[in-house]
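Going by the order they are written in, the chains are A, B, C, D, E and F; count residues from 1 in each one.
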Amino acid sequence: MSNKKLRFGLPKGSLQDATIEKMAKAGFNISVSSRSYVPYVDDDELEIRLIRAQEISRYVEHGYLDCGITGYDWIQENGSKVHEVGEFLFSKVSRRPARWVLCVPEDSPVKSVKDLQGKRIATEVVNLTKKYLKKNGVQAEVEFSWGATEVKAHELVDAIVEVTETGSSLKANKLRIVDTLLTSTPRLISNHESWKDSWKRKKIETMAMLLRGALEAEAKVGLKMNIARRNLDHLLETLPALRNPTVSNLSQEGWVAVETIIDEYVVRELIPALKNAGAEGIIEYPLNKVVY
Amino acid sequence: MSNKKLRFGLPKGSLQDATIEKMAKAGFNISVSSRSYVPYVDDDELEIRLIRAQEISRYVEHGYLDCGITGYDWIQENGSKVHEVGEFLFSKVSRRPARWVLCVPEDSPVKSVKDLQGKRIATEVVNLTKKYLKKNGVQAEVEFSWGATEVKAHELVDAIVEVTETGSSLKANKLRIVDTLLTSTPRLISNHESWKDSWKRKKIETMAMLLRGALEAEAKVGLKMNIARRNLDHLLETLPALRNPTVSNLSQEGWVAVETIIDEYVVRELIPALKNAGAEGIIEYPLNKVVY
Amino acid sequence: MSNKKLRFGLPKGSLQDATIEKMAKAGFNISVSSRSYVPYVDDDELEIRLIRAQEISRYVEHGYLDCGITGYDWIQENGSKVHEVGEFLFSKVSRRPARWVLCVPEDSPVKSVKDLQGKRIATEVVNLTKKYLKKNGVQAEVEFSWGATEVKAHELVDAIVEVTETGSSLKANKLRIVDTLLTSTPRLISNHESWKDSWKRKKIETMAMLLRGALEAEAKVGLKMNIARRNLDHLLETLPALRNPTVSNLSQEGWVAVETIIDEYVVRELIPALKNAGAEGIIEYPLNKVVY
Amino acid sequence: MSNKKLRFGLPKGSLQDATIEKMAKAGFNISVSSRSYVPYVDDDELEIRLIRAQEISRYVEHGYLDCGITGYDWIQENGSKVHEVGEFLFSKVSRRPARWVLCVPEDSPVKSVKDLQGKRIATEVVNLTKKYLKKNGVQAEVEFSWGATEVKAHELVDAIVEVTETGSSLKANKLRIVDTLLTSTPRLISNHESWKDSWKRKKIETMAMLLRGALEAEAKVGLKMNIARRNLDHLLETLPALRNPTVSNLSQEGWVAVETIIDEYVVRELIPALKNAGAEGIIEYPLNKVVY
Amino acid sequence: MSNKKLRFGLPKGSLQDATIEKMAKAGFNISVSSRSYVPYVDDDELEIRLIRAQEISRYVEHGYLDCGITGYDWIQENGSKVHEVGEFLFSKVSRRPARWVLCVPEDSPVKSVKDLQGKRIATEVVNLTKKYLKKNGVQAEVEFSWGATEVKAHELVDAIVEVTETGSSLKANKLRIVDTLLTSTPRLISNHESWKDSWKRKKIETMAMLLRGALEAEAKVGLKMNIARRNLDHLLETLPALRNPTVSNLSQEGWVAVETIIDEYVVRELIPALKNAGAEGIIEYPLNKVVY
Amino acid sequence: MSNKKLRFGLPKGSLQDATIEKMAKAGFNISVSSRSYVPYVDDDELEIRLIRAQEISRYVEHGYLDCGITGYDWIQENGSKVHEVGEFLFSKVSRRPARWVLCVPEDSPVKSVKDLQGKRIATEVVNLTKKYLKKNGVQAEVEFSWGATEVKAHELVDAIVEVTETGSSLKANKLRIVDTLLTSTPRLISNHESWKDSWKRKKIETMAMLLRGALEAEAKVGLKMNIARRNLDHLLETLPALRNPTVSNLSQEGWVAVETIIDEYVVRELIPALKNAGAEGIIEYPLNKVVY
C-alpha cells in the first residue's frame, strides 16, 4: 500500500451531500461523522477535507490542499492562482450554470449599470463586483452581504449582485436582472506544485476521469431495441442521436438488436420517434459511468 | 422552440413526492420551490400545477388544466366529465389498488349495508356514498368528514366509508369491512377540448407513453445468464416466463448467453429454477423504461 | 397459494432501514407501519418480525422465529444454539467487519489485558468479555453498560469493551485499542427444527440465494467497452480482473465489444488501465443481483 | 369520587397545542399519546375528545359530545343548533379575530360582490358563501376547496372566500379583499340537553370560569410600585388605567406601595408615565388566572 | 472561590430535559453541548455528569459520583448501597408514580403469578423480577429485554414485567396487568463516604432544599383575593384549603385582602367556592420556589 | 393613532428567537412569517426588520434603520458611527459576555501575539484583527473565514481569532487561547439623525426602558417570607442582599411578612441562610419587569 496522500477539498454546506454522492458514483465512498471533522474515505491515498466553497481555491493556492472542487466564481473572487483541471456539471434538474447577476427591484429606475453611479450595492462577491464596475467606468459603493441579499435590494441598498440558476427566487422577490457579471460552473482545481508532482498529477487525473465518467453517466442512458433488419438503415439515417450503435442479430429471422448510449434529455423525443420507425421492445437502462 | 404550452396538474400532498419521482423517471425533472407555487420543469412545453388530488378532475373538466393525474375515486366523486387517457399504477410495495370500503367497529351489529337504514355515516366521499346507499335502497345520513374518519366509527357515527390499501390501518383501529364501494387507481385524464387539439393530444400521448414506460420499468428487470447450448431448449420450455429472449453465442464453445426482460415479482421464484436448469452467471439489472 | 408461513426476524433499530432495503433488493418488499408492529411483506409465505439484533438469536433458538438476520457477536454473546445459514456483508462504505475491542484512555498505563487484574470493565457484551478475561487468566469486574460506553472509559471504569468499524469514534473519544475480542459480520441463522422441515429449509435457502445475489450485486458492476480485436489478447492478459468476459463482434470491422462483471472497488484502477490498453466507449452499469 | 362524566371536544390540528396549553392554565392537564386516540386528563369527571374544529359543533348538536370549543365560523357553516356558553380569545400576538373575506387578485376587475354574477368561487365555507351571495342577490358557482385556496384565485377560479387574521398571507399572495363575510372567535358550546342537566351545566360553567380566568390572566399582569404618599393622588388621577389599586404603607416614612392588575398591552405606555409621576421600584409580574 | 467540587449525576435520555429544567428552577443552569460530554453548569462547586438512569446508583455506590438523581426502581435493581437523601416527584401531568407491573395478553389464561411456573418472562429489570418470583415461590425463566418489551408479550414470551404510569400504553398493546412488583419515584442519592464529608453533605442538602422548593412550587400557586371583612370568618371556616393566609386591610372601608399559597390541583374547585363565598378580584399567580 | 414609524433592526439567525422572546417580555409581540420578510409587530409605531447581526450597525449608520440591536463586536468591526443607547445582556445560562480570542492549537509553539510575525490568521472579524496586530506591531496575513474557523487552526492557518462564551467549544477543538482582543455584549444603537428627532428618541428611550426592565426581571426574582418580629433586625443585618424590603404585619401576633426583589443567582445561597435565620414560608416568584 502506498503511503503517499493526496489532500482533497470538497465544498461544505449546501453542495456537500451532492458532491459526496457524485464522489461515490465515481468510486470513492466518503462518510462524514458528526464527531470528527476528517471524513472517512475508502481510499488510503486520499485525505478529504470539507471546506466552504468560498475558501477552497485559497487553500489550494497556498498548498494546504493539493486539489479541490469549487466554483469558477469563487476562484475568480479570490483571484486564486491555481491549475484548473476541468469543469464538472453537478446539477441535474436545471442544466443551466449559476449566474451572478446585477439586480434591482422590478420598479427601480435603474436600467443599466451606468445608472448605479454613486449608489450602493450589496453582494457576497465584493471583488467581482468592484472589477465589473471598474470595467464599466462606474463608481459605486460595494458592501459585503452576509446573506439574504435579495431582501436588501428593496430597502437597504440600490442594487445587489446575487447568484441564480433558474431566476425563480429573484422573481419571487420581485427583482429584475440588469446584467450578468459571471457564469460559473464547478471546477476541479490543483495546486501548481502538486500538479508538477507526477504521482499526485496522475492521481488527480484518474479522479478527474472517474468523476467525469460518473457525471457523464448521469446525463446519459443506455438504450436497446429490436427492429426488423429492413428498417435498420432508415432508422439510423433519420435518428442521428443513435450515434455509433452496436447491432447484433437476433435469433428471430430478419430482426436485429440495436444498442447505444444517448443523452437522457433526448429520450423523451427519441422514444416516440423510434416507435414510429418500427422499433420494438425498447429498453432504457441506467449507467454508472461513461468514459470515452 | 415551441411556444405552445400544456398545463398539467399533479396531485399535491401525500402523493406529491412519488408522482414527481415518477415524472423524473419518465424524463421530466420537476423542482418545487417553497417560495413559488409554480414548480420548475425542464420542458418548455409544460406548465406544472400542484393541486389536491380531490380537485384535479374538476379543474381539468373546466379547462383550467389541459390534463392531470388523479385517482379514479375522485373523478367519480366529482362526477367530472373528462377524457381518461390511461391507468397508471404507482405504488410498488403493495400492487393492490386503493379501495373505498364501508366499515363498522368489529363488535358492531351491522352485517350489511341494509342494516344502516336511518343511521349516520361519515366519509370524505359523500357523493359516492350517497349513490351507493341509493343503489342499495338504504336511507341514511351521510356527513362529510374532514379527516381521522377511522376514529369516528367508534363513537360519533354508526359507520364510515374510508379508503384502504392493505387494510392494516383499519385492523389497527378495530374496524370490520362490510362492503367495498369502489376500487381506484391513478388515471391520466384530459380536458375534452384539449384532447381535440392535435398538438396537445400528441404531447399528452407522448407523456403517457414515457410515464407508462417508466412505470413498466419499475415492475420489470433485465436478466442475463449463460447456459450450455444443450440445455437451452429445456430451459426455455420449462420457464415460459423467459419470453422471447435474446440468445447470443459466447466465445466459450457450446455456451450461449440468454437475455430477457421479466416481471420483477417472478424473480424470486425464477432464479432458483434457472440455477436448477443449469444457468450460470445470472445477472439481474435495473431498467429505466420499457416500451413495447 | 401456499398457507405455510416462515417467521423471519429482522434487526430493529439502527440496522433496520438498511436491512429492509437489502430485502427489497432481494425481491421482498417490506413496509413498516407506525400503527402496527407486524410489517407488511409482499410474500404470503413470509411473516416478518422486527426485533432488536441483540435478541434475535435467542428467539430463533427457542423456535419463536424460524430464522433471522443478526450479528455473529450477539449469537456468541447469547450462546444461542442455532444453525448458521450464511454470512452477509451489508455495509458499503467500509467493508471492514465490526470488531469488539478492549479500549482504555490514550494515556492509561494499561498496555495489555493482563494489566486489568482487579479492575472494572464496562461493556454491552458481558458474557463475551467474561469469557475473554477467563481465557487470559485475568480476574476483573465486568458490568453491563446501557450505552455511551465510550465516555465511561475516562472516569467511571478502567476499561471498556466496545464495538467499532473504522475506529474513528474511538479516536474522537481519545481511546486506545488494547486488544480485539471478536470480529463480527451479519449472519442468517435458522432454528434447528425449522431447518429440518423441508419446505422451510427450501424457503430459507431461496431467500439466502436471493439476498446473497443482491449483496453481491452491490459490490459489483457491469462493464462494457469496445476494443480493436488486435488489442484484445493483450488486454485480457494484462488485466486478469476482467475474468471470463463476453466478447462479441461489432459492426465496425476489426472491433469487438467486451462485457463482464467486476468488483466495484477495482473500477477506479481498472478504467484508467483499460483506457491505456486501447479500450473505448467504456460503460459501467449497475446490477440488482449476481448469482453464480 | 363521582362517576359522572362530561364529554368535551377540543379542536384537533393547528389549534390543538394552543388549546391544550390554555386548558392546562385553566387547571386541566391533558396529555395526548400517539398510541391512543383518547387523551389523558387529570380530572375523572372529564372525557376529552380531539376532533377537527370544523366538525365539533355537529357532534355537540347530536349529543355525541356534551360540549366543546370551536370557532363561531364553523358553528354557522354547519348551522348547528347548540347553546353558546361563551366567547374565548386564544391568540396573543394579534388580538384581532379571524375574518372570512372575499378576495380577488390585486389586478382583478372585480370591485364588489355584485361583479361576481355568473362567476366561480372556491372556499372551505360553502354554506356561508352561498348564504352571503344570496343575501347580495348574486348568482355564482361555489365550490368546496380542500386547501391552498389562496393560490387558486389567480388561475382556477374568479374569487375565493378565505380566512385571515393579519392579512399578511393574502398580501403575500397578491390578493385584494373585496368584502368581509363573517368575523369569528372561539366559542365554548354545549349540547342543549346537556345544558339542562344540572350536574353537567355546573361542570361546564366551572370550566368556563377557569378558562376565562386563565385567558384573562394572559392578557393581564400584576404591577407593584412604591411612591411618596404626597404624589399618590396625582398618580391615581392622571392614570385611570390603575383602577382600584391596593395601597399599603411602607416602613419608610411617607411612602406607600401601590399594587394593581392591568391589561398587559397598556404596560408599554404606563411604565414610562409612572416613572414620570414619581413611581419607583416598579415590578411587573405574571398571573395564572384572574377571576373578578 | 472554593475549589471543592461535588460530582453530580443526572439521568441521560428521556428524563434529561425535564431534569435539567427542574435544576434550572432550583437555580442551577446547565447547558449541554453536543460537542462535549461534560455539561456546563453555572456553579463552580458542581460537576455535572449525564449518565443513564439505570446506571447512576452503581456509580454513586462506587464513588465515581458523589450523588445523583435516579429512580428507586434502578437503585433496587442494581442493589446499590447508597444513602437516600430524598424523594422528588417530577412529572406534572400525572402525579402517579411509575409502576413495574407483571403483564400478559388480555386473553392469556394467566391469572396470577402462580400461573407462570415454568414459563418465560421478558423484562428490563431481571433482578427485581427474579426476586419477586422467588418471593412467590415460582420458578420461571427471566430474560433481559433490550426494549419494545410490550410487543413481546404476544408472541415471544409468556409474560413481561414492564414500567407504566397511566397504563394507556399497556391498554393500547392489549395487555392485562396481573400484579405490581414495585412503585418507583425519583430519588436523590449520595455515596456513603461523600455524605460523611461535611462540605459535600452541606452542599447536597442545600441542593435538595432548593430542588424540593422548586418542585413544591410547581404543584402550588399563589392566590390573592378581596373580600368584605364581614364575610372573612365564614370564608376561612368553610375553606380549610386556605391555610394560614395573610390578611391585610384595603383602602376601601370594610374590605380586606387575603393571600395564601395553595395546591394547584385544588384551584379548580376552590375558585368557584371562593366566588360563592363573596370573594372578588381573585388572582392566581405562579411560584418559583416554596420552602417551608 | 400616530402615523410616525420607527424602523427597528433585530438580529436574524442564531439570536433571532431569543431576541424576539425578549421583545415580547418587553411588551412587543412579533410574529415572523415564512411568507413575508417583514415581521408583524403589535405596535403601529414600529417597523421591524430582521437583519444579520454583522450588518445592522452599517444600516443604522446609513439611516436605513432608525435603530437596532447588535453586538459591540460588529459595531467595532464595521467602524460604524452610531449612537449607543445602552447595553443589554441576553443570555441567562452564562452571564459571561462574548469574547473574541486569538487561538492556536494546544501544541502550537505560539505563546503570544508576537510569535505570529509573518504567519496567517483566519477570522470573521478581519478589521478587528488587523487593528489588533497593528497595535502589537505584528505583521501577519489576515484572511476572512466564512465559518468553521475552529477547524482551520489545525491545518489551514497558523492561528484564528474566534468568538467564545464558555470556551468549551475551543477546548473540544483542542485550541489554546493566547489573548483576548475584545469583549462584546449586545447594544441598542441609534442613527444619529433619528436620535435628534424628539419623537423617535422618546420612542427609543421607552423601548430601552421596557427592554431593560424585562432583562432585569430575568435576572431577578421576588422573595417573600414570614419571620418573628424579634428576629427581623438580625435577619436584615446579616443578609444585606435583602436590600430595602417591604415589611408588613401578619395577623399572627409577633410575626411580620418580608418581601423584596433580589438577584436570582444569590437565591441558592440566600434561602438556606434565611432558613437558618428563622424565616418560614419562603416563597420565590417570577417577575416580568423590574424598573427602578
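As a convention for this text, a residue touches a chain if its C-beta (ideal position, glycine included) is under 8 Å from a C-beta of that chain, and two chains touch if they have at least 3 such contacts.
This one's a predicted model, so the numbers in the text were calculated from it and none came from an experiment.
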Neighbouring chains common to chain B and chain E, by label: C, D
Common touching chains of chain E and chain A: C, F
Length of the shortest touching-chain route, chain B through to chain D: 1
Angle of rotation relating chain A to chain C [CA atoms, steps of 5 degrees]: 120
A-C, A-B or C-E - pair sharing over half of the B-D contact pairs: C-E
Centroid-based (C-alpha) most distant chain relative to chain A: E
Interface numbering overlap (same over half, different under half) for chain A and chain B: different
Most distant chain from chain F by Cα centroid: B
Rounded Å distance, chain D centre to chain F centre (Cα mean): 35
Whole-Å gap between the CA centroids of chain B and chain F: 57
Distance from the mean Cα position of chain F to that of chain A, given in whole angstrom: 43
Overlap residues in chain F, where contacts from two or more other chains coincide: 248, 285-286
Contact graph of the chains (line, ring, star, complete, other): other
All chain pairs that touch each other: A-B, A-C, A-F, B-C, B-D, C-E, D-E, D-F, E-F
Complex contact set, residues of chain B against chain D: 12, 37, 49, 51-52, 54-55, 58-59, 62, 64, 120, 143, 145-148, 151, 155-156
Interface residues, chain A side, partner chain C - complex: 26-31, 33, 35-36, 38, 40, 42-43, 206, 209-210, 213, 217, 222, 244, 246-248, 261, 285-292
Contact set on chain D toward chain F in their complex: 92-95, 166, 168-169, 171-172, 221, 248, 250-251, 257, 264-265, 267-268, 271-272, 275, 280-286
